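For reference, chains read A, B and C in written order, and residue numbers begin at 1 within each chain.
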Amino acid sequence: MYSLKFDVDVCKNCPTGACLVNCQYLNADQETAVREMVNMAEGKDSFVLQECVTCYACEEYCKRGNHPFYLITEKREEKGILTAPRAITTQWINLCEPQGKYRLGEVKEKALSFGFMPEFLRWAKGKLFEDVMPSFIFGQEFFCNVVYIHFAETATFKKRLPGVIENFEKLGVQEVVFLHDECYGAFAHLAPAYGMEVPFKPIHYYEYLYNRLNELKDLIQPLNIRVAYQRPCSARLCADKHHFVADIMDLIGVELVQREYQDQNALCCGGIFSMCFGYDLAHEVQERNIEDMKTHQAQYCVFNCPACQNTLGSMVAKAGIKPIHMIHLCRMAIGEM
Amino acid sequence: MKYADIVHRCFRCGYCKFTGDYTDFNCPAYRKFRFETYSPGGRMWLIRAWLKDEIQNSDRFQEILFSCATCANCVEHCVFTFSEDLVNIFMAAREEMVNSGMIPPPVRDYLKNITVNGNPYKLPAAERGKWVEGLGLEPYRGQEYLFYVGCVGSYDERAQKMARSVAGLLTKAGVSMGILGEKEACDGNEVRALGEAGLFEYLARQNIDQFKALQVKKIITLDPHAFNAFKNDYPDFGADVEVYHYTQILAPLMASGPLSLKSCEQKVTFHDPCYLGRHNKEYDAPRTILKAVPGLELVEMERYGENAFCCGGGGGNFFTDILGGGEDSPARLRVREALDTGAETLAVACPQCAKMLEDAVKSEELEERLRVRDISEIITACMA
Amino acid sequence: MTDIAQALARIVGDAYVSNRPEEAYFYARDPGLMPSHPPDYVVVPKSVEEIQDIVRLAHQEKIPIVPMGAGLALTGLVIPLKGGIVMDMKRMNRILEVNEKGRYAVVEGGTSQGLLRSHLEKHFPRLRHSIPDSPATATIAANVMIHGQGRLTQQYGFNSDMICGLEVVLASGEVCRIGSPALSSDWFSKGAPMPDLSGLFLGWFGATGIITKIGVKLYPRKKMRDVEIFITDRQDLVPDMVYELTHTEMVEDINVFAQPKPMIFKDNHHITLFFTGDTEEELEFKRKMIWHSLDRFIKAKDGGFMGVPPVMKPTLLDMPQRSVSRFADVKKGGGFEYSGPIIMVDKYPDCAQKILELAEKYDLGYSGMARIIGRSHAMMYGFAFTFNRADEEMMERTRKALHEVSEFALETGGVFWKATVDEQKMAMDKMDPTTLGLMKMIKANMDPRGIMNPGNWEVDE
């Protein structure tokens, strides 16, 4: 069985406790942070196990290479502490179970992976993707299964991810551009953290888009709009790629409003919160988030994750802010939309 | 029978009979006959019974099958995954009936006339180009487009007027095109719809050979029925041509300006032809043209676009008249619906609709209140 | 043509009467699993007078007569068990009156649910009626004749509770009005404050008379509508959850479903909640109240609100839900049938367990769907099985499963809804004998010649 490589000593001498000190949803000072992490690592109880809302952010806050969120998840699972109602977890596990209904384009050495997000079947088109398309991969068989860490349920990805890696391997792909950063994070960071080998090079689609836009520079018409960026939880799994947001915006003449809840301080879209905890937390976070976008006079809200867009899209629209996915924004910049 | 493995899957829920918003029953045959048997679901169940030998091919069964106007309302609104094939299923049943020789006499006569005369009017091929007299339209010899008129436009008096109007307008707009005249052959769309697959293939191959011999690359059709056959069925027999309905050529020209229009105040409603609309999803081109006329107010009927009610002429009924007659004939219902909009002009874009609806206006004694005009006729009358 | 056919043709015109094998075949059956029986004649009348003449003829000649809407009950209620005349009512589909401020409509006996919906949407956007999820062709009169339910049933009861007057042609051919229209030009009550005679017709499946006009109560239609789905793996807690939800008095309609396919629905029970508002504020307030009503279950991890994907919403918000009909062909077989007893909400766990057992025992695709009636006063639990119309053996298995449902429903305290002939017999066997005697008396007096949809609600000696 795959197990997490977590070094408790790294926490013991941590000078900042950044993982929990920076947490937007829990209150902890440096001393509490270190104590609770060590407690958890040693299998003891902790309020964190009861109260963590699974925003993934501590994975980014920890700069010392440990995996605080994976640890929380592992320990909750060991102790049977549920985050989501059982029905929700079951639903997600069933939904993503391989059914033999995957869809492949003409897969070559380089391919786009849509994970299990059907939106990308419609969205990934035009010049930005023409040098890879129609080499695409979609379906449960190629889904990273990392979402279950929200549900304190690592067993599912431990069981399924090796098979998924094998499925990729069978296709003979060398480089895979992931259109969702949870998948990218899974293959670039999480799999190695669990000692799984990944036999291809994962590429984050932001990096891919950035390079493509540079190649298509002649087509770019600066958009001259003000946008707020909705950073998803899964971006915390691959924080090293976050700089591409600003890089892309620069390239296409978009002003990224400097709002409170961005970058490290980003707020969850609330989708997982409402499923796990009900109305209040999700609603409060969503209101605060959208108010922040309005205060900074964003005209658009740019989404990275289609699930965030499903959750928050109509809410931002009602606030007078146009929801748009990063792919569409980039296509707009080269005159395709 | 083709599709025999599908017919048992109809639940007969009846969504097929309606418009998408349930404004009215929208299956022309059901609307007229009012027995469930004449609805798409009824046909499905009866075809199955017939295949299982539980009922026989009778004159009633023939009327039920051949009154289908192939208008595709059922295709549009059936909720099941086989919806796309509904009209194909009815045509396949007709094909079986044609092969058995047990078909309604007018259907038999129609098919015979096409076979013998090459047109349903029993007129000589030499008269096929007569509609063009005095227009100065050249035979096709490498112009950009072939203008294909079809049997109705070539021989029917009302439709000839429309053909002349469309040809004249396209010429004025600077479209380079020629015609086949007496060499033109029937497109076969109705032959196919009536279930004579062999004859259809013969006609298709004959046409395709001629297109190839003359190096035709692009075709403009007068009739949406021909447009449909060329576009959707001819490729199966090796056709390689771009096909346009004349409204699709005119629409972009309205903005670019070769036709200068005067203000022309009138209230117009547009009747979507099934073979342009539902069968080929072209709802915009005709409306773009009409809206380009200064002062013209376009009002929609209760049922329009994908919910448009067929004139009752489709699927060969224009020739066989199985669906015609009586106050509840689809054409008469349709002109009453047009009248309800307050429009004084009922615009059409199909020679078969033009004739069906004009006759219905006469039957309803509405000549003083509603006139049926082809789109090109409306535009021509509004030229500066 | 026979003499009867000619006589019918004189009444409705040649075009609207048939004794041909094609109509006999089609009108001999419905989409369900009951045995077929052909009619001798099918007529499609256009007016009340025509119907009166037809009934007088049938009375005189002692010919059975079966009124039919869209024939969608699935339980064989319009199959002419003893032949005779099937009267297809759908040519009589005019909307005669909409009284906006009095919130009612008067429609003819063959008017479809779809037509009234469309008419109100176009001309009275602030009004609605209780639309069932049967296909839009289903008629309003037939639906109340079987005590159907609809979108407003959780708020106002059975659709037959939401009517305000009837016009009926009796077995004698006389026409009579029931409720306020019996003595007033206004349609506001089906009975009260007088003796409520509507019960002589409602639920009788046409065995006591033919509805030619019906007053339908209309209700406020808010500008916005939304849907949420609460899911749980604890079928035993569903009644409590529904109790909390109905307590809010903010839900438009509550449907609970459980089915194994598609995978997203496997293993859980889904409480689908519709709610409405005239403003965003109203809608959001209701959403909040509804969510909070279930907080204790969320906290205990016994259930949660699933994220309803935006693409799923139009399917759910559709009225009627076309997806319900689609269930017939999920296995490419074109058929489904359900037995839908009316039963207490606290029997939900038993019903959910039973459908699982039966699906396994008879190897059938299934969907269990409950519609809450009133504020948890009862529910219709639909035991729905899908079958392949081309597979006789599978159809037989489905019949057996449904028969077991009937027995189960009766044992569990339920009452059959739109009972098949067999279920009618089971119900009458179990019924209080005095009640049965009353029914017998009514039937004997209202239909002395036994011509009205005979075979239904016939009390055996």
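Some notes on this structure:
Here is the rule we use: a contact is a pair of C-beta atoms (placed from the backbone, for glycine too) under 8 Å apart; a residue touches a chain by one contact, two chains touch by 3 or more.
A quick note: this is a predicted structure, and the numbers were derived from the prediction, not measured.
Chain pairs B-C and A-C differ in how many C-beta pairs are in contact, and the one with more is B-C. At the centre of the protein atoms shown, by the Cα-centroid criterion, sits C.
Distance between subunit A and subunit B, defined via averaged C-alpha coordinates, is recorded as 53 Å. Averaged C-alpha coordinates give centres for subunit B and subunit C that are 40 Å from one another. Between the CA-based centres of subunit A and subunit C the separation comes to 47 Å, rounded to the whole angstrom.
Listed in rising order, the residues of subunit B touching subunit C in the complex are 8-15, 17-18, 21-24, 33-37, 42, 45-46, 49, 54-56, 58, 60-61, 64, 79-82, 326. Here subunit C touches subunit B in the complex through residues 15-16, 18, 20-23, 25-27, 31, 42, 44, 70-72, 88, 90-91, 112-115, 117-118, 121-122, 135-137, 322-323, 325-326, 328-329, 332-336, 388-390, going by the rule given at the top. The residues of subunit C lying in touch with subunit A in their complex are 231-233, 263-264, 266-269, 280, 287-288, 291-292, 294-295, 297-299, 301-307, 309-310. Looking at the complex, you find that subunit A touches subunit C at residues 82, 84-88, 90-91, 94-95, 97, 99, 271, 274-279, 283, 307, 310-311, 313-314, 318.
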